[in-house]
Structure formats: C-alpha cells, structure tokens
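Shown next, in structure tokens, is the structure this report addresses.
Per-chain numbering from 1; labels A, B, C and D assigned in written order.
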Amino acid sequence: MVIFDDAMTERTRSENGSLIENAAKFPSGLATIVDTLHRDGLLFGVYSSAGRFTCGGYPGSLGYETIDAEWWSSLGADYLKYDNCYNEGLSGTPKLSQDRYAAMSNALNSTSRQITYSLCNWGDDKPWEWASTISNSARISGDISDSFDMPTTSCPCGPDEYYCQLPGYGCSIVNILGKASHIVSKNQPGYWNDLDMLEVGNGGMDHEEYKMHFSMWAAIKSPLIMGNKLDQLSPEDYAILINPAVLAISQDPSGSAISRKLVQQVDEKDEHGFGEVQVWSGGLNNSDQVVAFLNIGNASRTMKFSLVDIFGGIKTNENAQRSWDLFDVWGNETVMSNDVASQVLNGTLAVGNATGYYNASAKSWAQGLNQSESLLLGTPAGSVQGGGSISAEVPRHGIQMWRLREAGGGEQKRDEL
Amino acid sequence: MVIFDDAMTERTRSENGSLIENAAKFPSGLATIVDTLHRDGLLFGVYSSAGRFTCGGYPGSLGYETIDAEWWSSLGADYLKYDNCYNEGLSGTPKLSQDRYAAMSNALNSTSRQITYSLCNWGDDKPWEWASTISNSARISGDISDSFDMPTTSCPCGPDEYYCQLPGYGCSIVNILGKASHIVSKNQPGYWNDLDMLEVGNGGMDHEEYKMHFSMWAAIKSPLIMGNKLDQLSPEDYAILINPAVLAISQDPSGSAISRKLVQQVDEKDEHGFGEVQVWSGGLNNSDQVVAFLNIGNASRTMKFSLVDIFGGIKTNENAQRSWDLFDVWGNETVMSNDVASQVLNGTLAVGNATGYYNASAKSWAQGLNQSESLLLGTPAGSVQGGGSISAEVPRHGIQMWRLREAGGGEQKRDEL
Amino acid sequence: MVIFDDAMTERTRSENGSLIENAAKFPSGLATIVDTLHRDGLLFGVYSSAGRFTCGGYPGSLGYETIDAEWWSSLGADYLKYDNCYNEGLSGTPKLSQDRYAAMSNALNSTSRQITYSLCNWGDDKPWEWASTISNSARISGDISDSFDMPTTSCPCGPDEYYCQLPGYGCSIVNILGKASHIVSKNQPGYWNDLDMLEVGNGGMDHEEYKMHFSMWAAIKSPLIMGNKLDQLSPEDYAILINPAVLAISQDPSGSAISRKLVQQVDEKDEHGFGEVQVWSGGLNNSDQVVAFLNIGNASRTMKFSLVDIFGGIKTNENAQRSWDLFDVWGNETVMSNDVASQVLNGTLAVGNATGYYNASAKSWAQGLNQSESLLLGTPAGSVQGGGSISAEVPRHGIQMWRLREAGGGEQKRDEL
Amino acid sequence: MVIFDDAMTERTRSENGSLIENAAKFPSGLATIVDTLHRDGLLFGVYSSAGRFTCGGYPGSLGYETIDAEWWSSLGADYLKYDNCYNEGLSGTPKLSQDRYAAMSNALNSTSRQITYSLCNWGDDKPWEWASTISNSARISGDISDSFDMPTTSCPCGPDEYYCQLPGYGCSIVNILGKASHIVSKNQPGYWNDLDMLEVGNGGMDHEEYKMHFSMWAAIKSPLIMGNKLDQLSPEDYAILINPAVLAISQDPSGSAISRKLVQQVDEKDEHGFGEVQVWSGGLNNSDQVVAFLNIGNASRTMKFSLVDIFGGIKTNENAQRSWDLFDVWGNETVMSNDVASQVLNGTLAVGNATGYYNASAKSWAQGLNQSESLLLGTPAGSVQGGGSISAEVPRHGIQMWRLREAGGGEQKRDEL
C-alpha cells in the first residue's frame, strides 16, 4: 500500500464542496496512478483530518464526511488515515471524539468500497475504549521519532503516563512502548492499537534498537507501515523488515498482542537516564507463545527469568508448568545475507527467489505455521522444563525474542484433558 | 446464586432485536435450568454490557435495555451484572455514564421482577457519586487478580490513585483495598462498593493472604461472590469462605464499612516493594466495633496501637474512651476442621450438621448477634480499657481482626446518657 | 443564625411534591420556632442538597428548586446551605455543576425573601470560576475535621492538590488552608470561599492550633460558622471566637483575603510529617495590611522575614518600601479573662458589658477601625522601617498575626502623591 | 497600539443592552481619542471577557457578542483582548470553551472592520488545539509577573505541567517558558501562542533576565505587548525593547517558533531552587536558524553543545551536518548607547534618526534580512563546522542567542540537491 499525503488535493474545495485533486502534482490524473498501483497489486491509501483543515493546512473532512468518502471510494481508495488537526474543540470527552470519528466511519461504510479506516487522534479521549466498533486501528500516542529513548519537550508525557493530555510529537520507541503496554489487550482481529509508523531505515537508531522496535511493533500487532525512503534502505534494515519469523508473529491468526509482565530497574543508566529490563509475553494461535526480553540499559547483560515471572507472576499459571521448545525469531536474520538483500534491493534478484524470504502469497502465514516452516518459527534455541527459567545474553538496547512451542506434542495432550 | 456469562446467548440478536438463548449450550432450554436453580433455592444471575457488545463479543444491551430486561425478567433472572465494554464513547463525565446505566435501571424497574442490579463500569466517572440511586452495587476498580500485592502493567493505577483513568485488569487485593479506602463511606443498605469477585480458592495467594482478602471484603461490605472452581475448593479455603464471625460482619444490619485510620511504612519490604501496616476500624449494629490490623510487610510483626489511633486519631473520640471486650473473628477458624470441611465438600456431611457452620436460614445474622452466638462473635480475646491500646502478633501478609463489644453493658449505659 | 439540618423535614415529600416539616421534631410547628429566632435577632438557616436526596437521606431539591425555595421563603428562611449528595451524575464539567446550582439560585431570587445562598459542592468542578455570579459563598474542599494537620484516608487530596477529584471528609485545617491558598483572590464582597465550619471548641486541637485556625479563617474571609456544641464551650475557646481584632479583619470592608507569599521547609517535622513555615499577607481597607507567620513545625521558632518577602518577593513592591506600625491581633487575648468569659458563658454577665468584647451593633467594624479603636487594631507591637524585616517567636503549631498601619500618617501622604 | 481596559465603559449596559462609554473618563468622547490614535498611526485595542462580567467587574460580552462587536467596530477598534472571567461554568471541555470564544469570532467577522482577536482563556481546555481557526492568538498560561523564576502560590502549576487546572497569576517567565515549550509548534502565520505581556521596564528583574525574557518571547513569536509605564522606561530597558536583531526574529516571515531541544540540571541552584540550562533552536525564513543557550542557574557558566544536540539530538539531522556563520543578536546592544536612548526617550532625538534603531516602516523586516542588514543579523560571532559544537560563556540568569546563516552560500547548494 502507498499512502498519499494531504497534498493529493488542492488547497480549497470546489464550489459544491468536493475535494479537487492536485492538478499540478498529477498532470496525468490521479486515476492513472491509482490504476497503476492496483495493477501492480498495491493498495491506495488516502489521508485527511477530522477537522477544518488537515495538519498540513489542506481541507479537512469535518462536516464533509460523506462527500469525501464518496470521492475516495470513486478513486478506488483502500485505506484512510484520519488525523485530528484543527478539530474545532470537538474533543475532551470520549463522546465528543467518538461522534466526530463515527461520522467518517458511517460515511465510509456507506460507500460501495471496502476502505480500511485508520483512526489517528493521538490517543486523546482513550480511543481504546470506543474505536474498535468504528475503525480498524487507532493511534495511541503522539508521533513517533527516529529515536530509541530520548525524552523530548515536544512529547511531554512519559512512558508511564497512561492518560496523556498533550500527545505531541517526537516520541521515542521506548516512550510509545510504555504507553502501549497498558492497553495491549484492546487488540482484536479487525482492530489494532497503532503505535505509529516504523522508523527502521531512517538512521537514527542502531541495528539492535531497530530490531527491538520492529520486533515489538510486530508482537504488539501494531500496523507495520514503513516510514523510510524506499530508495535509501540499507540491506541490514531491509533484512529486519522482512524477517519471516517476526512477521509470522505479527500476522498470527490469534490477533492478540504480547503484554508486559515485568519491569526491573538496573544499574547502568544510558545517556537518557533509562536503565531497566522488561519481560513481555503472550499467546499465539495453536497455543504457541511469544517471549521477549528487552534490555533498556546501557550495557549488554544476561537476563534470566522464571517461567512463572515470564507468564505473569501468578504461580498457578498453567503455561509456567509446561515444557517448551524455544525458537529464536532473530536466529534466521543471517539467512538473508547482506549480499542477497543488496541484490533484491538493486533489482538483480526477485524477492521471491531470495533465501530467507517468506512468500505469504504463495502460502499463508497460518498454513506455514501449521506446517512448522522453519523460516516462520525461527531457529531452534533449546528448550525449557515446566517451572524452569529462560536465560539469554541481551545486548545494550537490544531484544531477545523467542517463539515457544510446547515440547512433546503438548498441544494435543491439552486437548485431551 | 449462579451468574451465567455472556455465552448464555447467541452471537447475534433475532430480527426483532431480542436476545436468543444459546441453543447449543442449553439443548433442553434455559428455562429448565432456571427452574432447577430456583427449586434448589439458588438464584439466577445474568450478565450483559452497557455497550454495543459484551466484553466477550456477544450482543450488548446499549439501546436494547427494555427488550433485554423484559427477557431476563421472563426467564426469572434475579441479578444482572452490567459491564462497560464497547460503550461507544459514552463516558468521560458522570453524566454520560449515569445516563447509560440509568437506562438499564429504569428498564429493570419496569419489569415485574425484582432484579438486583450490579453496575460494573470499573470505577470510571466516579460511580460512588451517582450509582446508589440507580443500582445495588458498583465496581470501583479494574478487575481483580489472584495476587496479594503484585503490581502489573495491566492495572496501572496504584492503590493511592483515587481517580483512575485506566482501570484495566490484573489488580491485586492490596491495590483494590487502597482504591476502596477513600470511598468506603458511600456504602448504605441497598448500595455497596463492589471490590470484585473473591479469589479465595484459586491458589495464587497463601492462607494468610486469603484470610486478609476475605476479611476485608466482608468488613468493607463488598458483595461476596466466589470466583473459584467449586469442585476444586480445598478444605482450608472452604473454611475461610464460611467463617461465621466474618460473615456476621459482612451481613451486619448497619451496612456500614470499616475505614482505614492509619498507614505506616515499615522496614521489611516484600518482593513487590510493599512494606506497610494499616489499621482499619468501623462501627456495627448495636455499637459493636470492628478493628483490623493489616501487615503488608515482609515479616511477622507485633502491631500495637492506641484506641485513639484505632478510632481515627482525634483524641476526643468517644469510642477511644470506652472499655471493650475483644473477640477474635478468626479464633473459630479451627472449629470447622479440615476433616469436617472435607466431608462437607465431598458430600458425606450435610453442611447444616457441620461444626463451625452457621445456618443463617434458621436464625438470622441479626438475631444471632443479639443473642451473642459465639460462632458469630468470634473467640474471646481479652479486653482493653478506655484510653488503652491493643496489641497483636500479625503474620507476614496477614490480618488480625476483632469484633469489639463494649465491656460491662456499656451499650445500655450509653442509652441512658 | 441557626442552621437547621435535613431532619427539619419528613423523609418523603407530600403528594404535590412539597417538603413537609418534621412534625415529631417540631410539635408546636416550625413557624413558632422561627418566630422566636427572629424575635431574638437570630437568623434562620436551612439545608438541602442539589440532588435526589440530602446527604442524610432526606428529600433533596434537585428538580424541586422552585417549590422548595418558596417554602423556605414562606417559613422566613435567611440562609440556605445547598449540598452535593446524590447528584445523579450531574457533575464533571463546570457547566453541569453550574446548571444544577444556578437552578436554585434562580429559584431563591424569585422568592420575595433575601436568602443567603451557601453553595456546597466540595470544590468539584472549580466553583471559584463560576459560583460568584450565582451564590454568596462556595465550599472549596472536603469536610473539615477537628485536626490540625493529620492526613486521613477519607480526605485523600493533599494541601497542594489544587484540583481534587475526591474531596471526601476528615480534612485537617492545614490541608484546607493549602487548598484555599491558590484561590484566595476569588473573594469579593458578596462572594466568599468557604473553608467549612469552625472546629474551635471541639477539643481536638490545642489552644495555639485553634488560634491559627480561627485567625486564618477570618483573614481569608471564610464564613465563620461555629461547629461546636454551644453549651460545652470553654472560656478559653470563647475568647478565641470573640477576639475583636481578628473579627475586624474578617469583617473588613475591603472583602479581600490574605494570600500566601512564602513556604519554607524546616527541620523539625511533627508527628504527621509536616515541618514548614508559611508567611501570608494581604491588604485591608484604608491601606492597612495583615501579616501572618505560621509555624507548622514541631517546635517553637523565631521567624524573621523581610518586608519584600512578606509582600510577595518582588523587590519593587511599594508596600515593602513603606514604614509600618505593628499591632498584634492576639495581644488583646487576655483582655477578656477566663473569669469574664466564664461569667458571660454562664449568663451572669451580659456580653455587652464584658471587657474585651466589641459590640458591632453599636458601632460598625468600619467605623471602629476608622476611629482606631484599640480593641480592633490589636496591641501595639513596635514598628518596622521600609525595607526592613519583622521577627517573632512563634510557638509550635502557632500563628503570629499583625495588623500593619502605615507609620506617620503614610496613608495621607500616599493620597497626595 | 494602545489597549484600553474595561473602565472604558460604564458599569452597566444601556436599556437596549449596548455598552456605554465611560463619560467621566472621556469627557470629550472616545471617538476623539480614537481619531487621535489613528491619526498618529497607532491602533486602538479594546478589552472584554467571555463572561457575565470582565475581570474588573464591568459588563462582559457573553451573550452580547454581536452588539458589542458592532460597537467596537463603529468606534474603530483594531484589536480585542477577550478574557475569561465570570464565564458561567462554560468551560471544562474544549467544546464548551470553543463555543464561547467562537461566538465572538463570528461576531467580529461579521463587522465591517478587521479586528485582531486575542483570545485569553489562560490556557484552559487547551486552546492550542482549537483556537487557531477562530482567533489570532491565545494565551497559554496564568498571568505573568515581574519575576524571573520565583514560584508563587497563586500560580500553582509548575513549568512542566502541560495541562494546568488552575492557571492563576503571578507566573514567572521561567514558569511560562516551560509551559510554552510543549506547544510552540502550534504557531502559524496568523495565529500565535501568547505568553502574556512583557515585563521589561518594571524593575523586578535584572538586565540579563529581561534580555532572556524579551529574546524568548520574540523567538517563540509571542505577541510583544509592553506592560510597563511608558514614562518610566529606562534607557537600558528601552534598548532591549527595540533591539533590531531580536525583533527581526520575532517578525520573521516563517512565523515558526523555536523549540526546546535540551534541559540539563546543573549544580548551582538559585534562591528559588532552579539550576538548569536549556538549549532552544528553530528555523527561520531562508533556512536561517536561531540558537539560544539559557542559563537558569545561579552562576555564570560556559555552555558548549554539539550541533546534533542543538538541532534535536537525532544524529541524522541535516542541519547538524551543515556549517554555519554565527551572528550574536545581542552584539548590537551597545549600538544604541544609553545617551542615544535617553535622547529618544526625552524627545530630543527622533527615533528614526537614532543609531541602532531599525525603521521597519521604511524597509520591511523580510527585505532587510534578504539584504543582510547587519542591524537585523546581529554581530558576526565566528562560525561552526558541520558536526561541530558551539560554546559560549552565559551569565547567571542570562541568554546567549545567535542567528545562524549557512556558511558559503549553503542555501543555494541545498536548492540544487
């Protein structure tokens, strides 16, 4: 999918109120471009705001929901990102915000086209409480920046402020992860917490940081939208973005997000004052589990946690009593070597032929998982007995993430209970 | 009473908007089951949500209050738990929430049946300010978990946050007690703060912790709803749940909750960072008093407090000047031995014949108390002079709770003043 | 004035909706009592709530504003305290609260009687922003208790929380002073911040604490309503309540409150964790000033502050450059000796003949002040040069309060500038 | 422009509802005065409140928007400051506030006159979210005071509280800068965050403090309204207010504010507890940049920061890779000597003839900048290489501010990329 920004239209509406495509930008007409996109198997995304103007000062759709939705539908739009700028004060209670965004939901549903509705009100008025019945995803925080954990004045709410009165912009990925941590349970098939676009490839973070960023966005089931310049993507970053074992977690049929089970302060604070480790886990389809160890401290460290802690700290937890085989979802990272990735990126190798790439069009994620495709599971990384612990060396600002599959056909046994 | 969950109905309404009972689940019809319940002297509880869907994705009752209330009434329902999921943004001010829940209140009151109305909006918009005129109880916090004091990311508001913007789930009993502490005065006969279901019997807490949990839920007059699997209840846990001296406090005619008078930090922090003692007290019918010492630290300790502190710290307090006889409400715990409890649980002994069990159907709590039934008072535990102090050894994560009865016929003397 | 509580009426309204006087309580009829009150020169206050019920469970006036106001007017009521219990969720924005309280304001104004309207919504929704156009005073906090600075669970917002979501009850005077400190400027003739009734005489505080309590309530211009049992008032407490120099500040024609200029932490924390000194000051009629030193620490201490600090810390402040004569408003405290006070209280001496009592009916406060009545000024306590400092020994939990009058006819000089 | 206060009118409206000019104050009529103002090239500002009364107790315009706007228009008003006193509870959600202020916006737009609309609701309900479509500026905080960083009880929200429930008054400039820091991005040509009037010239701050105050108000693009007595302005303060290099930043065609990139605590705390340094930067027209080093500590100090930090901490920032020439915007401060300033202030020298004064009527700011007028750039202060650092000695409570212009015609090069 390609999302067009607000410069897709002219700065003013026509006399009858309709939006006008930007003739200077699209001399051969938008329709031609959309046709090309669709012919190439790509989807066409549009952007507007539930306000008088878009954030860029183009006409907003508040009060024009029907006419705009019909235009987008007639253009063949597949996706709408609907922003929150210039909202005329129509916020401050969930009701005020819901009314404004429900108007567009109704308008989209009245068109003849299936248009994915991406609500973006920066988490104001707690969309996780009401957005799932009117949209397909909702942003939960201020805008992301290409930074691991730098605090900024423009994103004043910290990672633990679960009710932010000034979402802002310039939010680091650690900041957004914190905000997401309290509401991961709101996900369900067809509705997703949106942690904002990916920064992988923009150069502001190192490789370990980008791996944590991508892993967590996938495991929390945030929409995965690339926010980098495609023609400047490095092979290393490309390898992150197409990691099949991580994408298989993102696309798991369960649709459920992993959740944070533990936060512990550690000694080595980094330059921005962070020094903590986090443990996340959650369930997947077929009783598989995801476990992630995050090192948000200033030095590499061995992280070791018991299954009881990993699965939530309640000693009666059944998952903590099971035995598991571990698969390292980043163990395959080297499968697609830089050489291969370079060839894909420079067009000398078709991606479908590249080692380490999973073709989900040919075989669905669910099917591949059922068949235990090793690209999707990750690389075998030992096992853990019921009641035992998992240990790993995790680099500074890095992540260790595993898929756990019950050892010895446990799944079947459980069904017999 | 048995509360049925949302799977009682089909996933969609009928064409005329009515709920449909789940035919697969109840092949012989719900009516048959309800008849059986009622014949056995049990009540029949139903569940729905003041939203488009229930939390489990079944049809919610928002906009269908009348038709649903009538159906439940026709089925013979005695109780409704009314949840808050998918509420379409109709929250954010007390008015918005009250309107939504009052609609169901009116609908229930319009039926021909007496249906206890259990409001469950997780404490959003401060139901303690407005729910008592429309319902019989209201939940005050996020969902309980089977944990004594473990902080969780999913229940982000701490025990001292009296205005929680994200109730969540996974709240420990110490967390919920803290939230309850500020609003205990809102109780009145016919309206109760609901601290969520009991975890006794689920295995996540030790015996002392479960005793504190049950004691405080009773003394705060929270509804006491078992949340465990009945067929897996241990004799020890069963003995907690049927403790007559504690239940007599819960069922006291006064309907007033005990309140927290004192919190003191202590040195031994437990694994979750808590290290404090709390003193609670409150009045019962006939001028009896309840006093509870809570040890939320990591080691057993002697707790000693003056009557002035116990009754609120104001030196002119009249109760602090009186002399009292103490009755340990857990002193009878061993009366119903594990052997007896086992026999009751495995059906070889009728509960009415069991030692240590109080049959409130035969003699009401109020009557028993007036007759000073020792099962209801607890075991004598000394006395305290006016102006004196009470002292007790309280185990780690444990409670010492007494009923106080004025020494020497004080009650009568007071009436003569 | 005598304020009657909600037990003035029956528990239910009549068929036509009107309140019914409590026949059991007033066998000879309320009218008789009101006549007696008025004949004795006393005023008659009534109480209700802007809700379905009063806090005591009697009928509230929400929806019955007109009929109730007319009844009170016909009874000869002079004052209404209008509470906030059972408000049906009509709060959460200033608009919702204002609408509810404005309805009674309009109803009172439509009667033929002048009824002082005392709004009591515990500071919810910031009445200081909107109550002055509809009422004569508004409570700003949870209910007062007879305690100097004890924190209580039932009054969870601390003294620095200027936006309290759970006002509660059991608030200490230091707690309420802190809450008042941020909004003292909202006072104006005809509208007053209400810090709740006086506790002087109830026995929970010592003499110095009661002096601070009374001094500050007077200087902040809170309504001064006795909350003690009249027949149990001690001579010492009586002397506090009738101190002419303090009352002259309360009744000053300017109507402006003193404000807090400085808070400093000190070492000796008291049993409740407080250890701070505060400096307050403010203007009176005719350019007189009030200065108060508060010692909220655990030991007597010498407090010394410069005029610049006393008058707000801005070095260009004109008052800091003037020279002042100081009058100790508690210097006259011993004028009405315990003996005299005892005689007044036991009825053997008419208050008008008592030494140390100021008869404001004979000569108004303003007139007395203009004539520099020494009872109203306080006792001479030296002077301070422009740019100088004031120093005093202030007892533990005590106050030193002065009236400052410009030295050497400064007032006249200023007029000539 | 001269802004008239609320005493411009009588205390009551006429029978037909219109405001009446204050006859005692303007014996020859307001019209005469306005004519004089306009003839002298000055603009005429008026003041009212979106409430029942103005803050001074004169009639407010709530409900009288149209009649008042028409009167002001007929008088020839050029500007309205519209306050928030006595707003009848019409606040608490952005919607309630927006409605109230939009009513006046519509009324002003319906007159035949262009009237600049200055919204002043103290930042309640986040005007930065909704005021730009209805007004030209909006106040963001409580009232300013003539103090650098003194905390006051009357302005309870600290500099980091981005959602203030009690704006109050007596806010220091450091306090207001903190509140502004989170919302600087909301500025756009035609809408400005208003940090309140200037205190320069009132005597409460020293020279360095006033320079920081004026520099930051200019660089944040706050309206620059003198709040001092014109006839008491010192030559030193006058020189601050007319500094051409600072005014050129204020009047830059880009309209964008600088933003805070860094806050660091330092050791030397001042008397009010502040000890920190801040780095701000932002873009101007033609790719010029502003960089400001603020020393909010108790001693002069060398501040040195890398371009990466200065431009936001993201290592890929393009501005951090460029080389810049620096211009000290206070280097010209001495150009207008005290002698010259004195002559201007006492009227013996026309301001247009004074050295160090920029005549923007003769040549616009934009034109002057395009021509690199040295008065507007500031004095050359060296250069910095891409990836390098800038260092300066900054006095206690002082600022060092530079304009940065790309070295070696970088601007042109960038256009060619």
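Everything below uses one rule, namely that a residue touches a chain if its C-beta (ideal position, glycine included) is under 8 Å from a C-beta of that chain, and two chains touch if they have at least 3 such contacts.
Quick caveat, the model's predicted, so the values are computed rather than measured.
Which chains lie in contact with each of subunit A and subunit B?
Output, common partners of subunit A and subunit B: nil, no chain qualifies.
For subunit C superposed on subunit D via Cα atoms, how large is the rotation, as a multiple of 5°?
90
Could you label the subunit A-subunit D interface same or different, taking same to mean over half of its residue numbers are used by both chains?
Both copies, subunit A as well as subunit D, present different residues to each other, with under half of the numbers appearing on both sides.
Give, as an integer number of Å, the spacing between the C-alpha centres of subunit C and subunit B.
Computed value for the inter-centroid distance: 40 Å.
Taking the mean of the CA coordinates per chain, how far is subunit A from subunit C in Å?
57
Which subunit D residues reach two or more other chains?
Subunit D, residues with two or more chain partners: 92-93.
Which subunit A residues qualify as touching subunit B in the complex?
92-95, 97-99, 102, 125-126, 129-130, 132-133, 160, 162-163, 181-183, 185, 188, 259-261, 263, 312-316
With touch defined as at the start, can you tell me which subunit D residues reach subunit C in the complex?
Within the complex, subunit D touches subunit C at residues 52-53, 57, 86-93, 96, 145-147, 150, 152-154, 156, 165-166, 168-170, 202-204.
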